[in-house]
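In the two assemblies presented below, chain A is common to both, partnered first by chain B and then by chain C.
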Partner chain A sequence: MSEAPGTPGVTPPPGDPTESRIGVDSWVAQAEGRRARRRGPARLLARGWEWSPDPVKLLLFVGLASTLPFWLNEGDLFNFGLFTLLYVALALGLNVVVGFAGLLDLGYVAFFGIGAYTYALLSSSHYGIHWPAEATIPISMAVAALAGLILGSASRRLLGDYLAIVTLFFLQAFAAFTNTANPTVHGVGLTGGPNGIANLDPLTFFGYKLNSTKQQYFFLVIVVAVVAAALHFINQSRTGRAFRALREDPLAAEVMSIPVNRLKLLAFVLGAAIAGLCGTIFAASFTAVTAGSFGVPLLILLYAIIILGGLGSIAGVILGGFVINISSQFLAPQNDHPDVKRWLFYGTIVLIVALMKPWYRAVLVLAATIAFGYAVHAIVSATTVATWTTGAPVAAGSRSIRDGIQGWVVMPHATATGPHVNFNTCLYIGLVVAAVTVRSLSGWWRLAALVPTLYLTAMVWENILAQNPSVTALILFGAMLIALMTVRPQGLLGTARVEIV
Partner chain B sequence: MHLLLFNIIDQIRSLGWGGAFELLRNGIVLGSLYSLIALGYTMIYGILKLLNFAHGDVYMVGAFLGFGVLTAFGGALNPGIGLVPLIIIMFAVAMLGSGVLGVGIERFAYRPLRNAPRIAPLIAALGVSFFLENSAQLMTNGFQYNYDAFQLGGKNGNFGPLFDPVFTVAGNPVTVVQVLVVGSAVTLMAALIFLVSRTRLGKAMRATAFDQEAASMMGIDTDRVISSTFFIASVLAGAAGVMYGLYIGTTFYFMGFLAGLKAFTAAVVGGIGSIVGAMVAGVLVGLIESYAIGYVGGQWSDIVVFGILILFMIVRPTGLFGAQAIQKV
Partner chain C sequence: MAEPQPSPESTQTKPLLELEGVWKSFGGLVVIDNLDLAVNENEIVSVIGPNGAGKTTLFNLITGIYPPDSGAIRLDGESLVGLPPHKIARRGAARTFQTLRLFLNMTVIENVMASQYGQTKVGIARAMLRTPGMRREEREIRARAEEKLAFFGERLMGYRWDQPAYSLSYANRRRLEIARAMATEPRILLLDEPAAGMNPSETHEITELIGKLRDDGGYTILVIEHDMHVVEGISDRVVALDHGVKIAEGTFEAVATNPRVVEAYLGTSAAVTK
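Let's look at the complex of A and B:
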């Protein structure tokens, strides 16, 4: 806590580990800096990232993002490009509330929904109103911001967890309102119930229509760049420092004459306005809104993004958005690159194992896992009926991959029902128990337990998860949140904070 | 708005005293389930200051464990053993299984985060909740399963005794299963009060909740006390899950979310950390929900319940029985 509150504008440069920032104990910061010192190309990359000025980073993002439409087809651009940027923009807004101000807002998705429904009502045949985007975008943002103001002022008195629960109620009330209540206004159900509102107009700016995915994508690139830049300036400003002070210790911030209540409201309003903007773009490019789009799964996805990237870090949020959405799209059932799914999964596992030190342990574990797999497969096929090992792996592109998996992983045949349903359940629970066991062991025992666990993971993947892709992504995100919290709660690009007691 | 109010008054008139009692009965039965879950929230919050989002999902797992036992004995139509032992086994398995699950969650998701920033365990709790829900979806293929409790104990396809009336008030029967739910809830709560106020473990729990550091300095094994708290809380949730299955019947993977949310509010309305408060407020939330369904209509009931709860939290965040919290610096 070296920074005196009376010296505005003198913030130490971010990334300099010897200087302590607000809320970062100087000793811990130095220790972290020492630990973060790497060798080889990783160090070069980290150095380059730290030393490059912020406009360069933004340009880097815009440049990379702009190349995407030239090597992706229309459908892939929609799933991988458009949705990634949409989630990035949404997560940037959530980052204001959670990352900057430290308020746990679980009703954030409702503002997204409010923006989307506002656009749907003002630019569709639902009520026959067809306003252009230059009018609907400010209105949607204003309506969402107003909702944020109301919820924020209602929650002003509430501390931490109470705030979380009230905002979650707000989300539930919103979901119930759009889905089941659907009050009749002018002879038509206002929100269209579970079917929602379809056939929305595309975004139209002064007569210019954004019809194709490419146009919408470039518009979103601009939106994300503008939002990120604006949030960066806010973060660097007096207000940004006030946010950090509020996040670290509201009481101390109040004593330092920081207007705590107004700041909380500002965070809510700012986040809600960004969510409203995203809602508009979502509704327009999806050409429909349905009540099911604005629920807890999306909320968890957004939290996964900002936590993976690092709370409060704008670059981290953008990185997290790319990682999470691209992996979730690859896992999605409609994805037409099924083999990539498999490589992504096995690649991640091998990567995690490869992080083990020293390196020969990792090699040992991987080799032992492969040998273990062949041994188990041989035993099972020798002792049981043939249906236990003749199951077909889902969407194995080439013959060699299929044969390889069939020869290594025990897969009961899909047509053989009955005991195999319980087999799957037992397998899954067995994996969870095995993972938990690995965590509670240590030393060589842990390595030994890791081998069957890894093989069990492959079995669960081939037998269960690959067959239910939509649930799989959600399960993996839940598991990732838990694992990340225990291993690295500050995320990829965040700074470690210590609770000062 | 004006119209809505007239609708409500009309509805009250047309349902009359009999309808009012019916709603009262439903509210009390539903509320005793909420009370059981709320007790878990209040105990865990009291001892760890952690909003355990996963608690509602423990309740869901309890309901599925009960259903698993029922299916293992041959389903509701012709169970291999008598009605009473079957129900006892269902409760025992669900309560034990949920208890073990709760201890496991605490050990592997929350204990590593004891000294982390406040937001870390909350997000881990969100993760656990999401993980459990979707795992259950995977295991159950996303289908709804029905206990079919009305057939339990019946011979040759006849209805069983669970839904026979025990006594009648104003023309409304009170059935066996309703008495069973309320009776066992009251028994469990009485046992809990005894445990917390009269036993050594209860004393240790109260001490740990009051000041964890001081308690550990006095020689209390706080990790073990916290584990026990999670076990007891999850046992209550598991029991509530089986009761729900017997009374309402339909179990599905998402049932824990809303129930957990309402039960947590009951814990807050009752004053967090207060056991009696959680019981009373649980019944209160059940009554509000029941009357909202009866008088305002099913599609508005969640909005009414959450609206009332939001207002209550804003007006009196310390709850009915909670003491004014003094923030220590």
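Let's look at the complex of A and C:
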């Protein structure tokens, strides 16, 4: 912050004479701009982003994304690069339905699955069909689009909650079909049941095989760039305007000559086709499809991406995809970067605390939390048996950080028995009680209560959460979205929406 | 659906919009009761009546938001009954809403561009490829939107085009609704209380505007209005409704002094006698 926000008594400098008088129309119109100007350090970045033309933004993405293979190893490129781009492409399709047209579609992942299974059937030894990608990709997209058309027409009279639940049924039906129904066709289970279909061919275009992760990654960079550009053009066309009109007020849109039902179908079909394309690429890169890949967890991830990035914003969805996938990969059970996990966790907390105004309160709280931790640790280790503080953090990590954490957070020895067997349960309950207490207090009392709460959070993290990464990831996303909702409800790059009458 | 029957009067001046024996009830409550109404080309007809008289229901029936229980609604001789609203809009009937229903989070010019959907053709394939034909159509859409907004003079000009509709004042939102309806290239404009919530000078301005819409824009206008100054200033003909029944029709003076109309309004008759 260039200006200290808490400087009472200083009158604001007289305004620029060219600026409008307070309260008149044009002044109101510039309100957004003035608010943006105040943001200080982020200003340059925001200005630069706003002023750069769209092709430059796309080139920026392609340029940055293309550097990844040069500083990531094969495994990391698969987890952090390939999957990020896959989720970005998927989220771009979901963004058409949810962001552009405003239809709450919870069955979206099924189209992804349909694309993946279509590819698996057409390019594997399952039925001995080995078609090249130039044939399977259009077919997968068409099959998924057809499914989108069917679901769309079944639910075109449904809105809001009804649409959400019907589409969710569709997803569950798809999961049940692939997992348990598994009808026998030509002597073989069509979807392979829980085992899925394995040993798929890599994507092969006119005889050229995309074997390595690097090749598949670059193919995905192209796919994301093309899809983003195409959707951007649609968004700027009359169809895009009609989608927005439909999202704003379906009745008014219909009366203004926009065929609302047809556009809803179009949104479903367009989203489903993109999901089908992603399914093909996913199946080919993963070389297997299993029923478990296309479920609610992925749906949650995709919604987190589009909400974090900003509903309706293509650039926002791309950014959201990077943030969400990279953090979820770090928190994945098989991930071997415990330090990064820890940085992510504490970083998020410090960020949330840093949003407090004025800034010195945030510093005060953080300093007090650190001091509080050492004090508690000293008291506990001096007054109780040694097992209370000799536990190792559940997530290992580099030695210096681990030692620092061990000296700060009270961690009972994992195998020890004694009065602290129910320690973990008490921690959870304690954290909930502390959080509720913080909510109900105000002023300095709230700050004071925040200090032990933050310390409890750290204890919960070190003792429990770090060893349950999948739970932690979801909790972390929840916390991220809550923080975002308070600070920037429109998402990172979304446009603020106003609901007034 | 009733067959169109050419009546003797309609052979001389064929009405643009014609309602014959239209009924509409909501669960036993009759809101439109055997209504006949004709609006001629280039005419301004006002519909008046106390609250709940069925005026807005009349607009909803014409624009297809719901179908009549019986009766015929014809625009330029063709039946509108049973058509979905977007098709009726393409046939040439556009409306504004009493409770404003703008696309609030779209820009001013986008509001006016969006409502041209019905007359434009470019699909998503050409939009994705950004073909020359698509870009030409986009330019035409924008030019038409600018032309419609220019109708309102300074009010909706320049910097306002690219600001969101929610940032407009109440009076400007009413103007934008009219511009958005104009952009569907209608033959008849249905204005639902265009002067509601406006101050006296804005009311005066909207009165002039409605006249200008007919004279310069060539629109036929059916307008619901409560403000009797506006009704007096613009109407070629006034139709009074009460409980869905047409209780009077004729010039402003004739309708305003009609005892049944005065009775329907009761306490507000002071406004009528002005």
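One rule holds for everything that comes next: the second predicted complex is superposed on the first by the 435 of 501 C-alpha atoms of A that agree within 3 Å, B and C clash if a C-alpha of one lies under 4 Å from a C-alpha of the other, contacts with A are read in each partner's own complex, and residues count from 1 in each chain.
The working rule: a residue touches a chain if its C-beta (ideal position, glycine included) is under 8 Å from a C-beta of that chain, and two chains touch if they have at least 3 such contacts.
Everything numeric here is computed off the predicted structure, so don't read it as measured data.
In the three-chain model built by superposing on chain A, chain B and chain C fit together without any clash.
Contacts of A:Y162 after superposition on the shared chain: chain B is touched, whereas chain C is not.
Judged by the touch definition given at the top, the superposed model places A:L481 against chain B, while chain C stays out of reach. In the superposition on chain A, A:F233 makes contact with chain C only, not with chain B. After overlaying the two complexes on the shared chain, residue contacts for A:L270 are found with chain C alone; chain B is out of touch. Touching more residues of chain A than its counterpart among chain B and chain C is B. With both structures placed on the common chain, the touch criterion links A:V260 to chain C but leaves chain B unconnected. Residue contacts after overlaying the shared chain place A:R241 against chain C, while chain B stays out of touching range.
Using the contact criterion defined above for the overlaid structures, shared-chain residue A:L251 touches chain B and also reaches chain C. With chain A used as the common frame, chain B approaches chain C to a shortest CA-CA distance of 7 Å.
Of the residues of chain A, those at positions 251, 497, 499 touch chain B in one of the two structures and chain C in the other. For chain A in complex with chain B, the touching residues are 98, 102, 104, 154-155, 157-162, 164-166, 168-170, 172-173, 176-177, 180-182, 251, 296, 300, 303, 307, 311, 424-425, 428, 432, 436, 439-440, 464-465, 468, 471-472, 474-475, 477-482, 485-486, 489, 497, 499. Residues 63, 65, 84-86, 89-90, 94-95, 97, 99-106, 110, 113-120, 122-124, 127-130, 134, 137-138, 141, 159-160, 163-164, 166-167, 169, 180-181, 184 of chain C are the ones that touch chain A when the two sit in their complex.
Against chain A, the residues of chain B that register as touching in their complex are 45, 49, 51, 104, 107-109, 112-113, 115-124, 126-135, 137-139, 142, 257-258, 261, 264-265, 268, 298-300, 302-303, 306-307, 309-310, 313-314, 317, 327, 329. For chain A in complex with chain C, the touching residues are 25-26, 28-29, 230, 233-234, 236-242, 244-245, 248-249, 251-260, 266, 270, 495, 497-501.
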